[in-house]
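Chains here go by letter, A, B, C and D, matching the order in which they are written, and residues are numbered from 1 within each.
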């Protein structure tokens, strides 16, 4: 049953269209909503709206839901609309009046936001950990092959000497910066929205610091309208941070695909990570890397979606913004799995030293020749022009 | 079992990552692949690769799969990778050698493209039909309320007199143009890719016109490389056409939300299509319209994704491009359901004639007053300036 | 002086911000606005609002402006806001009352739309011509090098034999389809908006067919609200068509960059189209191709902008939509110049037959070996597995 | 003359196409390049490549260029390609050998990056200042009108009581967060790229800390490949930060347009910031706000462009990435001017207290009525249902 159930019936088609898959995607949010509801119940107890016994029974019941959700035995139906309704309905059924009291001084709007923020914080932490693992894989790769020299490219043309070590380190340093961006994003969203109701407060003074503290938020997001308007914005900051991570995944995949082409032969892929062709018996295809490359564009498109959704809309909650939930949740899942896969791929890449060495043709050392002349006292630009002549047919 | 099965084992993690949800989303493609496989089998028979009996047994078996797929009893597993493999595996099991022969002179690449094109053609037809239904709903709406005058707005300011009829007709005319764009897109993609193999032909001359004709394609897409390169491009043309439809859905929803605000009161929504609030007992919210509005941005983001995916990649099949399948399939589903919902919403909107009339304040007729002076012989710009003074405080 | 000049003064900062660069970008629209104004004047004459003499003097004056604009001697200032105002101001100054009458029964809104549509039609024609020239360049390239065989790639791995001819033709066939898309887009926008005023008609019956015919439009766009709502939509269809052209430019550039890498050596670029490095004296960089590749993303981003601008806005003219003018005009300029440049580049690419030949390693013929076994009667899938073993280490 | 001038001539058409408008847009970068060149010269002096006198003469000359650029008397031509070449050419002409030495141990790649980073840091500071000014304007607005109550909206329906103060503060708090995001972005990019050459170092050990310190960079960006790969990524982080600022500008403009509609009448715009219509003499249009609203989408589209440009490209400098320069520079200019304009607009908005008051209809207080029952001991959900009945027809 819906929280706002009235005497008329919501058209079934409207119900299905508006609820869509929320009742499924919400499943991952159940534990966060339980935790947030416990904090809110403690506030209501502090305000004498819930008795000690009511509080205790609510906590017991919410912990039960939390546990059930971990085992997949807590059920959300389409009629429930979302996890928040399913939880309140369960509470009302189990602990009667206490259940009917829990929604006092909160709205589904701030409730949703609170659960999502807690979820986002966890997922950012989880992405950070996957980056750490990737950095480990890069370091192992560097340890094994870092000493091998190969040509560095600019404009996709041989430029100057590089090395496998320089290549690996470039991704480590980049990922270090990505981690910084992710951590900042976590700081940005680490604000408690709880207690702002539907965007205009809850009609009375409540101790928002209490719930913020109970939930581990670094600070309170003060203005209720801003709380609503920040939805979509915070999410787009998260997605931007994830696109930065995925941009590196895209580039690493692009490099590995290129360097493992027969024409280069710098890198060799373990056949066990390659797939075959339905008609060409010789093929060993780097599908896994192509999909890593492609997934970047999926995350970028989600960011575009979020930035479009909220555009040109007035302040305050607009339902459109709920369509931000799925792309963010998906983006976390995709980014995590791409980081995992890239780490695994690196363990299945061998560097062919022989091929790397033979690719280091004389022109790769042209700039060093210029510097040799410089050391003899010839001004750089003159030295450049002298060597330049050598390389013109 | 995979079509390209080798002596080594594909890493399980790689398998899961690359196959992803394909084995699920592909389900809708099974019938199209069966139809295309029957056409291809007829070609192989004409080329004496399949005997008459082998052809007959393959057709029987493919029709069986087709029938099963409609009842949901044909099974695709993750190990199958996709529907094409599942079908070949099934054929080999059932009709032995004939099954092993069916993949001769085709590749999974042109097979996938063929099934998708057939599917796209059907879905475009289906969207066109939904637009027809929406136009009917708009015409009914116009028939009932078209005569009612209300202010027309420019810059979101009252401008000149408009009418409910003019409003309804604007969407009908726009949808007529959208239908034209969709039909052109259908013409664009109505080319048979079958017989181009993996993008470089099948090593022999085959009668591509035969299969094209059997499958009802208007023409043969000649160049094998272009067949591959057109994947992603054709899809983006489809998505562009759908964004045009959805842009109108977005605008109609925006208008209805605005016109049904208490401040306007031009339109009234049947409460049965409105949802409530968890804390505000008086609310009747137009969630259904807000989601219609928001879904536009989802389709736009899919188009962006497709245009990003193929960028900067060389000619020929790249696996990245397979990531175009899901967004296109989703976009069809979303667009169809949004058209359905908008038709239904229109049946649940009433126009409040009284409110419309009282909104027609004098300044809405300012331009007509200018024309009155023009008719008296005053040059337009002078008349404009005369009336202009009337409306300045 | 502005057309809508009132007794108060528009804030200077607001004026600069809203007018922005319109008074510059509009310059290219002057001839189209003159032509449209002549047609409108003929209508006013037919309606007895302009005398024969007034009509004649307006036509003379408008032809004068048209001629001046071609020589760059017609002046638009920021105070004029746009070309339409500058023209009316000029007319009023030169032909007094006739000038003051010309804006009767039209609005700047339909005037702008008319000029833009005429301009778009011309520019599409011009892009089509550039594509014809590129196709000629591709045909010359094919004529010279088409017979040369080289490996075809899938997943960026050698797959099966291809040829320079197959490569060239793939772009010709693709460009043929692009032309079709452009032509359809021209049909879509070939509707006269003139006579719909600011989006709600002009308060009287006028002969819209007359002006449509005089201006060479294929048909009249009937509904005034749709005329306004189609702005942004039609533009996005144009941009979509241009992205299709540019996607091929992007791919051709990607291929040429790859094939001219030292590691491939299939293609060789004339040094005269290559640029150098500031420190590496040996470098010959394909900047021109990299920029061709990059420009695709610029056009895509303009399409995204247009699709964002109009989202979530109600029906009727909203000034935001004027921001669609510059990206469309720029996109035409960019696409035309990229087509020119690609044609020129093709004349400066040589194919190295020797390198192509030596790249045709045995595995490129693996599929043909399968077909050989098929011809001996072995079912395809069995033949595939037999040959497959040959290519496994 | 180009730095890399060879014996052959670059095709004129290629030159124009690749240089494009760089020689114009670069003008703003001249001072930054001079500053960076001075630091680099000091390094070369410390390395004994430049004598004390050479260093002095270079510094004098670079300061001269810097001064000239401020007065617009330093000239960059298309033949120069960019500001960096123009500067070196100038130096060579004026100080001969010292000029020819300055490019030793640096590449145009790291030179460009250094100038851009310095420029970005300045522009971020400048945007932060504009935000401060906007916050002042919001505070003044709040001081004057903050006490006025008006309805708060959810789903664009009257929800609960809000106030002008709550509205103003929502933007202040949001802008505070935006400032944080901008400051973090400044920290992210505050790394010296100087000394990494074209992406593979400069072939010798140099004291990169020295130049970093001289230029005021917080740290050295170590890995040369990462330096190149970070181009486009850092820019996209800047653009993301600017979209966050512009999202608020978009929303504030959307609110003001809505609230100043005749149907609401909460806000009144000073006619001096409104523009008129060419045919409707009564119109006072909020063009300035519509353009503020629209500019958000421009910045978003630039971010999309950047994220597309670098996708699917291998590591190391690719010329495509130079196309990131113009959109970032434009985005700074647009964001600054939009912030200015919004501050100015706020000074020209009056709140109509009477209209706000009369909009506070009884249902706005429905939730407060629920809370009244709660205070009488009725559980929230029961109280909600009781009041709910009151508001159903």
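A few remarks follow.
In the analysis below, contacts are C-beta pairs under 8 Å (C-beta built on N, C-alpha and C of every residue); 3 or more make two chains touch, one makes a residue touch a chain.
The structure displayed is predicted, hence computed values, not measured ones.
Just to note, of A-B and A-C, the chains joined by more C-beta pairs in contact are A-B. Among the remaining chains, B is positioned farthest from chain D, on the basis of C-alpha centroids. Computed from the mean C-alpha positions, the centre of chain B lies at a distance of 24 Å from the centre of chain C.
Each chain gets a centre from the mean of its Cα atoms; for chain A and chain C, those two points are 36 Å apart.
Centroid to centroid, with C-alpha atoms defining each point, chain A and chain B lie 29 Å apart. Shown for chain D are the residues that touch two or more other chains, namely 3-6, 8, 103, 109, 154-156, 159-160, 197-198, 202, 258, 276-277, 279-281, 283, 285-287, 290, 293, 296-297, 300, 304, 307-308, 311-313, 318-320, 367, 384-385, 388. Against chain B, in their complex, chain A makes its touches with residues 2-6, 8-11, 13-14, 17-18, 20, 84-85, 103, 106-109, 111, 197-198, 202, 271-281, 283, 285-288, 290-291, 293-298, 300-302, 304-305, 308-309, 318-323, 327, 337, 340-341, 344, 348. Those residues of chain D that touch chain A in the complex are listed here as 3-8, 49, 88, 92, 97, 99-105, 109, 152-156, 159-162, 166-167, 169-174, 177, 180-181, 184, 187-188, 197-204, 221-226, 228-230, 233, 236-237, 240, 243-244, 247-248, 250-251, 254-255, 258, 293, 296-297, 300, 303-304, 307-308, 310-319, 367-368, 371, 374, 379-382, 384-385, 388-389, 392. The touching residues of chain B, when paired with chain D in their complex, are 154-160, 257-258, 261-264, 276-277, 279-287, 290, 304, 307-308, 311-313, 320, 359, 361, 363, 366-367, 370, 384-385, 387-388, 390-391.
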